[in-house]
Amino acid sequence: MIASFASPKLQALYEPVQQFLHDHIYPNELRWLQTPFHEVEREIRALRPQAQATGAWNAALSEAEGGPGLKLTEFAQLSELLGTSPFGHLAFNCQAPDAGNIELLLQYGSTDIRERYLEPLLAGDIRSCFAMTEPAYAGSNPVRLGTTAVRAGDEYVINGHKWFTTAADGASFTIIMAVTNPEAESPYARASMILAPTDLPGFELVRNIPIMGHAGEGWHSHAEVKFNNLRVPISNLLGREGEGFKLAQERLGPGRIHHCMRWIGICERSFDMMCRRAATRELSEGRMLGEKQMVQSWIAESRAQIDASRYMVLHTALKMQEEGQRAASTEISTIKFFVADVMQRVVDRALQVHGALGITDDTILSFFYREERGARIYDGPDEVHKASLARKILKQYGLKARR
Amino acid sequence: MIASFASPKLQALYEPVQQFLHDHIYPNELRWLQTPFHEVEREIRALRPQAQATGAWNAALSEAEGGPGLKLTEFAQLSELLGTSPFGHLAFNCQAPDAGNIELLLQYGSTDIRERYLEPLLAGDIRSCFAMTEPAYAGSNPVRLGTTAVRAGDEYVINGHKWFTTAADGASFTIIMAVTNPEAESPYARASMILAPTDLPGFELVRNIPIMGHAGEGWHSHAEVKFNNLRVPISNLLGREGEGFKLAQERLGPGRIHHCMRWIGICERSFDMMCRRAATRELSEGRMLGEKQMVQSWIAESRAQIDASRYMVLHTALKMQEEGQRAASTEISTIKFFVADVMQRVVDRALQVHGALGITDDTILSFFYREERGARIYDGPDEVHKASLARKILKQYGLKARR
Amino acid sequence: MIASFASPKLQALYEPVQQFLHDHIYPNELRWLQTPFHEVEREIRALRPQAQATGAWNAALSEAEGGPGLKLTEFAQLSELLGTSPFGHLAFNCQAPDAGNIELLLQYGSTDIRERYLEPLLAGDIRSCFAMTEPAYAGSNPVRLGTTAVRAGDEYVINGHKWFTTAADGASFTIIMAVTNPEAESPYARASMILAPTDLPGFELVRNIPIMGHAGEGWHSHAEVKFNNLRVPISNLLGREGEGFKLAQERLGPGRIHHCMRWIGICERSFDMMCRRAATRELSEGRMLGEKQMVQSWIAESRAQIDASRYMVLHTALKMQEEGQRAASTEISTIKFFVADVMQRVVDRALQVHGALGITDDTILSFFYREERGARIYDGPDEVHKASLARKILKQYGLKARR
Amino acid sequence: MIASFASPKLQALYEPVQQFLHDHIYPNELRWLQTPFHEVEREIRALRPQAQATGAWNAALSEAEGGPGLKLTEFAQLSELLGTSPFGHLAFNCQAPDAGNIELLLQYGSTDIRERYLEPLLAGDIRSCFAMTEPAYAGSNPVRLGTTAVRAGDEYVINGHKWFTTAADGASFTIIMAVTNPEAESPYARASMILAPTDLPGFELVRNIPIMGHAGEGWHSHAEVKFNNLRVPISNLLGREGEGFKLAQERLGPGRIHHCMRWIGICERSFDMMCRRAATRELSEGRMLGEKQMVQSWIAESRAQIDASRYMVLHTALKMQEEGQRAASTEISTIKFFVADVMQRVVDRALQVHGALGITDDTILSFFYREERGARIYDGPDEVHKASLARKILKQYGLKARR
């Protein structure tokens, strides 16, 4: 924790959560990565009492909503800690995409929806997913959508083709981004968010997309899904028609903070492993790996880059918290590509320091290496964020740059 | 092909091999990567007549040995072509580690060994492996070995623990690097190479090491193995006692060329995919991905780096061919780290240009990304090669640099 | 200014100083760089009333000492602003090396020394220098010193050879680091700081060292100096004998903050010029330079890196301020190499965006490019700081790494 | 020399030239850099007999033209050698821009022009310049030109504003790129090359542009020039009207080879100095700089990158030589940005290894550092070459990328 960002509330939670991770998560994570997810889920659910005992259950929520009531800057630091393991957030019921969906339902769900979907979600009894990206359109331009929701009486009839619908496998419901108002002038006013249970006949889970050698399963998967005349009541609309992007935007800012801090957690875990290896691996009689200057430079550069990342993300969170998400929009673009790049470098160096061991599954590093490669792509590739940030800056210099 | 490195003999083989890859390998490779290896092996063996018809079967061997009789510079360019698919070399029976073992048996195998092991290897009927690296010692310092072979009458009794024994699973025999002369003054004169069948009781395949999420199987695996009082006749010694490193050294130079050219093949394949994607992916109405200057810079830099790599490797091969392996020793160090670095960059860029598709298994790129991360580690990490090269250079300036 | 680091006191000074720079410094700096320094000095001294009117004269000092009484975190942000021009600090009498010398004299100068040297220094009427680095020893190992000060009655007799004695040309006195206690066990307890006027016969200014094409002159120079039986009263000793490194250390921490913030000022100036150019340079009919994605990526990456640098430096300053310099020692190492690297990248990109204009002296960029290359070397090369940081970290993992 | 690119003719010249550089150039170059150019010129002209005795005078020319008759691949390697000093090419009368002008006059000059201008140029008695770049238009788009040449009777009347006219100061004539056919459909057919003596009243040398702190002088300068109703006979036209770009293109290919090889010479010189320093600089008792792994990695990476550069350039030269300039057009784009980047890295590393000494003018490195920064800008910035190369490649994939 950074002194100026610490708080008594956060400090009270931090140590118990750290202890929980050491006791229940780190010792199991390599095994869990090779175990069918429904078994992992059962084991993790069995740990719920201990997780709840730390006070950090539903860590992102206010006290009224059943969480610890952390400010964004506080939750951010907890998110870093949870991010040190692939299963950290899951154990505390604040994993993507459920955490974001919870926010949406809290704010926009009807009483009925809240009872039927939000309650069990908050209890960790069901999971959900979020269907946005489509294979036919570049993810870098989110307003191009082929999925449509057409009103027919009291129902929406939804048709479309999505992919990278994270955790769809086993989810109880999905929130779908679909075009409801194709005639709206602004492309940002054409889509809406609609909740749909996954057990309806029109919901087709085509496949879990094999990624980096694994199709994955359950929460740990990214699905291709199709909606074939999927019919849901119009009361499943979240917010109003045409507000899809507005809601997505609201979901985006804090989500970006969560993600970036999770990545920093991955960095710190990798950094710790790199140092431990460097300090203990003997190269030849009495010469340790950590005495090599190239290894030292990696350690020093990683330390600097991780610290820089954390400062940037926490200050972005602080600005969002104090001045609102809109005021922090350039910062929100910046942290995405900055931290994703740092993560890839740090993980790569840690892996290299481990030599042949690094590419095996005997450590968590090879998982980070392949699994988190997506960080530079998901949620808009880095290049799009860089270009977008530069255009915002250049606009202040009078340039009307085209996309 | 580079004009100045082309030759009629190479040109006669090149096009048929290219055709073979297009007809039989590329269309199957993604499926094969998700198929049990023994089935893949059956399919690939069934393609043997067509492979042989190209004239490139046993591509690294002389005509006397049943190959096409290519010079090193010629084979190098064929190796690049075969390297464009993970299954290219296998289809032509010139895959590692068998190709290197064939060289050893050709040169050092007794008549008996050649009949029993070399013949079926040349025919592609069996596979083999090579047991060198040990988990207990840093791979960067190959003379530190714990495996011993002690003479007991007409036999060697071998004990030891190896890992990263590529393709041990299903191999008929292994060549083992073991200490036979612990008392030799030079650490380079203590070890020997000994052939051992894998069906002896003292040979224990502990596991196929899970690497980047996959334990692999058959040829496509890296095993941890133990030798528990493994007994083989002393006639299984290759060369003389204490010559293990000398033989390894001989095996190394051409092997390095093969590997680097295979990596360049991976680069060219990735580059081609990157360009194809850039030229055809629409970002928005009429704007193509390839019009973006960042993508253009990746394409240009990749082109330059791949070409630079090829020139360096071919000139290294030329020097080995004309002046001997010893004369080319600094070049052999150089190409390892230079080309491995280029490959990682090119594959990473190609993947990024593919966006979310790039991390899926719907293209070969994610396989290259994770599978070839080992290139910077196998065979001595890059850092060791850089330091070693620098020490050789600085010696000419009068510096006696310690390791 | 970063909201969480702003303060009413700083805000009150900031705008007037900014105005002063726009009115009096920026319009003159290119001309001053090509004008003999004594004329520049005269012009800048003539601006003293206006500079004092801003309230920021002697900006680093407490109110008791005649400065504005800024906290370190506040002064740091002012230092960034002043750093946007090579003449900013000079105009406010807080330039290196005088600012550091003022600190030393304030704390360790006798009444006599304070009257004779400190008073005119605070008034901006004289300049001073600091003689530490020696050509015969690597700057990366500061305890190796050849300069000696031997007591002879009431005097020290000083002999030695220094270089990179910044601003010695025209300085009224120098502070010399010299070995007084060669027999001390710890190499850190052998040297002392001694003040010497430069008009004594034993003080020889050998030359202003030509650097990047210019020998420089006056404040803007780095001298080679020799002490030939230079005799000064023993009362010119600062602190006690053997405390030289202790004093240097105290001088180092805040000095590092000043430097790094000055570098960030250089970054912001370069960034501003890069954006202005990108927004206004036409490539062809209606196509502006800033629409090019490579330029956009440089702008975005620069923005991110500059912001990251500022957060790191300000948090380091905050830690020093609240927990003391010792507590912040790893941070002090980190910011040096991190910010120096960012500065070189940002200046290089800004220069490149200016095309041929960038290498001319028609903008300040070519000056930054060549003049600030030293940042990665002065004060210990980056590599030394990285290795030192890594050793501190690895010590926590149990490694006793040798230098 | 690379064995496969050596030749008896080249070898016969190489050693004497190397000896000449060691005897007459290296010992003087630092002094010359601080001496008025007309004095340097006098000294260098005095060395002409010794230079001619090597057989390499007018090194780029055929035997018929009074040169040694080297092939492009041979001259390239000589150019590398000459490039190790800023004065190497000048001593052998093959310096830019004269070498290119000689080519133009040889091919397109009338008998009269050849007598009046070419003869003394070949003898090294006069110098010339080439006026192309204009401050008002981005150099990256050479067809945008404001300079015009209008026929008036037997004369062209030339008006325009150029800058970066290298070596105009003291040149006897210039070749001017000017628009003669503004109505031509293709922008590539609008300009012509016209020779103009510099002693005519309409030729105004506005200033030598201060670059990296120096306005320079004589051959070592870049001028801003204006043509104010400059009148020259129409027989001063080189080639035909509208052929300006065709001629420039012809001049470009070999010129690029010369430049890139000169840069490689700079790399080799810097590399040699880096190694010498690393091998001899003591850090502490018995610990040498070259034992540090970071320095070793710089040496290794530099070795690899320089070798890669040389192979690429020589193969490009070979292709031009055997298949013509047009066939090698992508290679010619590639080497520009690849080698310029390598040069900047190698010089930067060599400088860093020299510590504080590196930024002084006591070695040649600081000159290379600042003087050669232009390499990434002159002749089209790297980004333009990268984009252009990528567009050529993508065209083969069916993309019609706009500029």
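Should a chain be cited, it is by its letter among A, B, C and D, assigned in written order, with residues numbered from 1 in that chain.
One rule holds for everything that comes next: a contact is a pair of C-beta atoms (placed from the backbone, for glycine too) under 8 Å apart; a residue touches a chain by one contact, two chains touch by 3 or more.
For each chain, UniProt lists the protein as follows: A, B, C, D = Acyl-CoA dehydrogenase.
Here the structure is a predicted model, which means the values were calculated and not measured.
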Revision key, fill the gap. Intersection of contact sets, subunit A (Acyl-CoA dehydrogenase) vs subunit D (Acyl-CoA dehydrogenase), gives B, C
Review point. Where are there more C-beta contacts: C-D or B-C?
Key: C-D
Check your understanding: Quick one: subunit B (Acyl-CoA dehydrogenase) and subunit D (Acyl-CoA dehydrogenase), Cα centre-to-centre, how many Å?
Key -> 43
Revision key, fill the gap. Subunit C (Acyl-CoA dehydrogenase) to subunit D (Acyl-CoA dehydrogenase), mean C-alpha position gap in Å, rounds to 38
Check your understanding: So, what's the distance in Å between the C-alpha centres of subunit C (Acyl-CoA dehydrogenase) and subunit B (Acyl-CoA dehydrogenase)?
Key -> 53
**Study point:** Contacts with two or more other chains, residues of subunit D (Acyl-CoA dehydrogenase) listed in rising order
**Key:** 292-295, 297, 383, 386-387
Study note, to complete from the structure: In the complex, the residues of subunit A (Acyl-CoA dehydrogenase) that touch subunit B (Acyl-CoA dehydrogenase) are 34, 133, 135, 138-141, 144, 163-164, 209-214, 281-284, 287, 289, 292, 294-295, 351-352, 355-362, 366-367, 369-370, 373-374, 376-378, 381-383, 386-387, 403
Check your understanding: Where on subunit C (Acyl-CoA dehydrogenase) is subunit B (Acyl-CoA dehydrogenase) touching in the complex?
Key -> 292-294, 297
Check your understanding: Across the complex, what residues on subunit C (Acyl-CoA dehydrogenase) touch subunit A (Acyl-CoA dehydrogenase)?
Key -> 2-4, 275-276, 278-280, 288, 290-291, 293, 295-297, 299-301, 303-305, 307-309, 311-312, 315, 318-319, 322-323, 330-331, 333-334, 337-338, 383, 385-387, 389-391, 393-394, 396-399, 401-402
